[in-house]
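Next up, some structures in structure tokens.
Here chain A shows up in two complexes: once beside chain B, once beside chain C.
And now, the complex of A and B:
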């Protein structure tokens, strides 16, 4: 029998019996075959003894049951690890940070408590997926859009709590930012509501984020201070229309103006959708559909002469490559912008973007898609990427599947994604730092690192910054996976030397990644530890999540 | 429309007609429940459509020797279906009993096995 750390067998069995009394025997899992799906399907430690796994799982159906479970866990000092839908693939899946924890699986709590059309919000329980909320909205014909992450089976709540992101307008893409109001069960079993939820009789829980006093919501994300049981989320009033426009620029140095345009377009609200960068000349695109296309069809086919020129480019540049682009009318850069709103407004916004670009970029080009009005039709016909119109699906799993462009089976992936400044200088510096490290450091050689070559264009999910995303495939080769872990750790340190920190990462790296946010002798982490000791003195909730360990385990952490 | 296209379209129509007839003949509420489980958890990647990650992967694996879309398979045993649901394969994760309960898994197995 697998046991939680530092718990006697008698106490563990007593706790499991109590859990069964609370939720019913069929919702307490201890058999190996039932627990297997609580391992991390994309674990970089797969097929090793260090792979994270739970001792049991318990699945409550209500807040009362969560409270009772937490009280029992407190009594017997059993570590619990909370998941909502548990599909955090690439970031640990359903597996606990600390092996041997009991997974508190909230998937059965799947009620959509309210969707308010006129005030454009929803209040959901943890197990509600993007598909669930989308279908609910469609079945009732509500004029609302939901911002979805790529995996449609993900949890509206779990994704937000892990700082996940989506695809539509900037106000909605940052899922934690667009939440409004939480209900949280604290480690002592008490339930608190944040914001207006703390005011009995308030009707504005999911409308006014702050309530009164300190805004504490943030401490329940990427942490282990409570079990969130309800969350409000802001939705987007269904726009009359939507459209994509592409701006192209011919020269390497135009990257500066392209990024300035991207920022102005987004921050001023002129083009509120996720601004995706590409380089037709370097044969790369961050437009999500293109990333998936490459797995189905292989990378875009370029002429040999072109491929050779790309291979010789340094930090994405060579004079010969630029000349080749000019001669063959292949833009160095492109910028995909997305617009949502009344047709007239979209038209005017696109015109304004073109005026701005014409003033700044010599030889600029434009292409715009049709102005469309039906997200479902656009998604079915691939005339607009479904997630960009709030339609959930599983398309992005094409990126990783065995398919025409990727005949080699993979076991998953993990992402390295430091936050870098949103500027051309930021992009170029990150490329040159990582390219140099890749050339010179043995830990980075012979490892399949996605995106790095020939040039990495950052992801625009969050406003005001870029994520410089590099990926690692998880394979059947244990040694290769271990080498990828080592490479990842090396990249973390290199990034931190330049002030670039992760926004989110796999549990394997959370201690290191959080440790690098080390200003004033790690005073931020020490503050988290002070909070941990105050709200969870026995350390029963998700020990180790994002580097926050209970006092009695702090010395042991890796 | 080319001759090849119109021929494959005709076969497509005929085969959908056949499967429609066979479904409506033994369609039971259990089968419909099984189909619901399939649509919710499997069809999202294994549907018979373009750009379906599961279907694309099986198309490469079987290279025409077996249908790539699971709903067209007649060779899968109950154990085979249960194994992949609870264990996953490659980038497909395993599914927990809180996602697909044992009772739902039975319905799914019956639904997929009923395909003859």
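And now, the complex of A and C:
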């Protein structure tokens, strides 16, 4: 029997018995086969002794049961690792940061408490997935869009609390930012409601974010200070129509103006969807290649001559490559914009974007897709990227896991995703730095760094933010996975030297990644630890989550 | 010499000497005449013994000095009350919650650290006012708009931290929500930076809000857990043009559709400015009366017949009044919308709004102002409300303070502003409840409740939120002010019975107002107290701010 750290067998058995009294025996799991789903499906430590795994799992069905479980855990000092649906596979899945923790699995708490069409919000429990909420809305014919993550089986709440991000209008893509109101069970078993939820009888819990006094919601995201059991989330009124448009630019130096246009389009609200950069000339499509390829006059497959020119480019540039692009009418850059609203507004916004671009970029080109009105149809026919139209699916997830050109069979992936400055200079500097790092690491060892292409473009999902996302493959080869871990750690340090930090990462790297946010001798982390010690003195909730360990484990961090 | 509570004279003098060594003698104030500005200019307790006042004030010029002052305060257990510019006069001004506290006045820290035009943000110190930042932007010709509060002399940071709100596009009106990155001196003297500011060398402090790990920013708003010394704030790219439009509806029952239109216009992004409700028929203009009056065909002054009909209406309605409105073409309701962007986009948005309204409201009417492009000109000529065009001024402040029809000479005002449900039903219920309360209170005592008109409409400044704002006058008459305090306290309780809580209030009422957020035996406040005790064990920072008292003062709350 696997045991929680620092817990006697007697206490552990007593705790499990108590859990069974609370939730019923059938919802306490201790057998290996029952615990298999609570391992990290994409673990970079797979098939090694260090692979993270729980000692047990318990699945409550109500807030009351969560409160009772937490009180038992406090009594016996059992570490609980909370998951909603546990599906964030690229970031550690359902497995606890600290092996031996008991997984507190909230997937049975899957009630949709309220969907308010007129005020455009939902209040959900942790086990509600994007599919669940989407289907609920569709079945009732409510005129609301949900901003969904990749993939659609994820928890609406869990994704928000883990700082996940989506695809539709700026106001809704940052899932934590678009939440409104939490209910949280504290480590002492008490339930707290934030914002207007703290006012008995209030009907505005998911309307006004702040309530009165300090806004405590943020302390419950990417942390381990409480178990969130309800969350309000703002939804988008269903737009009359939606459309995509692509702006193309011919020259390498146009990157500057293309990025300026991206920022203006986003910050002014002119193009509300996530504005994506691509480079047809460098062979980098926007992430939904087959939709966007239709928008430029390049060949569907790159010719050998073209591929060779790309390989010789440095930080994405060579004069020969640029000439090749001009001769073959392949744009150096494109900017993929998405519009939502009444048709006439979409048309006016797209015209305004073109007016701006014509003034700034010589040789600029424009292509737009049809103005569509049916999200489901657009998603089914892939005339619009499904998530961009608020339709959850598993396709992008499928793409991300089993494709990508890695020669080794993959067992999943993990993401390296630092925040870099939102500017052309930021993109070029990141490419220069990571290109050099890649060369140096490749010279030292044979590491396949998936997606670390000669040139990469940042993801624009968070408003005003560039994430420079690189993917690492997980394989069946233990040595290769170890090499990937080493490469990841090296890149973390290199990024931090330039002021670039992760927005989220796999538990294997959380101590290091959080530790690099080191201003003033890690004063921010130490403040988190101060709060941790105050609200969870026995350190029972998710020890180690995002680098926050309880006092008694802070020395060796394991 | 006025003394801080529970501090010996020896210690106090030693602390003042230490403060003088840190900031220079000329920046430590103890004389009555020097401390006068640190009293509550609009105090409801003016000319009484209970009127809040400090024992001293100290004005540092740098973060280092703030750190040193806090360390001294910790040593001698001196309560410090932090202000930025101390200009939120309707909410307590510069006077401490707890009399005898030393005011930590940050107005000398007035550096504009950075304004980034391309990324549309600013990073400021506490002493930077809206005027300061606006002038900085104008002098450099930067194409940026600042969302400003009323009045323009307020601190950009202080207003955000106190959950202040503005007038332009939704994304920017909630000033705390549009902040990005804080630097905070903790009660132990340590400096913490949140978000990307914790990553040394980062250039994205004011770009990405969250950094990694828990988002702690919120705990420093409406609270007393730290002294904020720097803040990033998102700015709006200067729009090509701006325009106002008014939708009018003839019947009482149209309120429902007018409110639905308001919500759709806001939540879809179709009309980005704060959407304001008015009722020409009830004599309630949008808050800038002289701009909006031009938009309906009613008489500039209400005729006596009309005034009499209004007086007889109940919850805003009488059949006679409605008939009068129809006969005289005076709309029952109007909705004032504001648009920002390229001219063709504004036109398309306004047309789309009209399309929607025509489908929903019989007899709907529309008026729009000119499409303008020069904010300064529009503000100077009052062809657009200055704050709606991002231009700070003092005019609204002037209106609010010395006008309003109160028969008694006023010494200021204080605001009662509960959050009510964002719906027509919410408006009608609030009016019904407060109308009854007003009748009952008037029967019991002669209280002038300024602005508690027979019918009132909510303020729409916060996205998705209705604030039902009522103003109370401060007069020279002590008994009358006491009656106002009593009335305010009664209204707080009545509001809470219906689930309506304040978003912000004068220190005199903070204990009561926060206490009414009482879900689960005030578990939210008790969580704040747990954090308070952990980060500020001696309770030196702003004791009592928003109902949060240090442990040793929690019994008697004073």
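Just so it is clear, the second predicted complex is superposed on the first by the 528 of 558 C-alpha atoms of A that agree within 3 Å, B and C clash if a C-alpha of one lies under 4 Å from a C-alpha of the other, contacts with A are read in each partner's own complex, and residues count from 1 in each chain.
Quick note on the criterion: contacts are C-beta pairs under 8 Å (C-beta built on N, C-alpha and C of every residue); 3 or more make two chains touch, one makes a residue touch a chain.
Since this is a predicted model, take the numbers as computed values, not measurements.
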Contact-wise, after the overlay, does A:236 reach chain B, chain C, both or neither (first, second, both, neither)?
second
If touched residues of chain A are counted for chain B and for chain C, the larger one:
C
For A:412, select first, second, both or neither according to whether it touches chain B, chain C, the two together, or no partner.
first
Quick one: classify A:105 as touching chain B (first), chain C (second), both or neither.
first
Based on the superposed arrangement, let me know which partner A:29 touches: chain B (first), chain C (second), both, or neither?
first
After superposition on the shared chain, which partner residues are touched by A:136: those of chain B (first), chain C (second), both, or neither?
neither
Would you tell me the residues on chain A in contact with chain B in one complex that are also in contact with chain C in the other?
none
Flag every residue of chain A that touches chain B in the complex, lowest number first.
27, 29, 33-34, 36-39, 41-42, 57, 59, 85-87, 89, 93-94, 105, 107-108, 127, 131, 152-153, 292, 296, 382, 393-395, 397-398, 400-404, 407, 409-412
Considering only the defined contacts, which chain C positions touch chain A in the complex?
118-121, 163, 169-171, 174, 176-177, 180, 186, 190-194, 196-204, 207-223, 225, 234, 236-237, 239-240, 260, 263-264, 267-270, 272, 340-342, 344-345, 347-349, 351-352, 355, 419-423, 426, 462, 464-465, 496-505, 513-514, 516-520, 523-528, 530-531, 533-535, 546-548
Can you tell me which positions in chain B touch chain A when the two form their complex?
40-41, 44-45, 51, 53-54, 56-57, 60-61, 86-88, 90-99
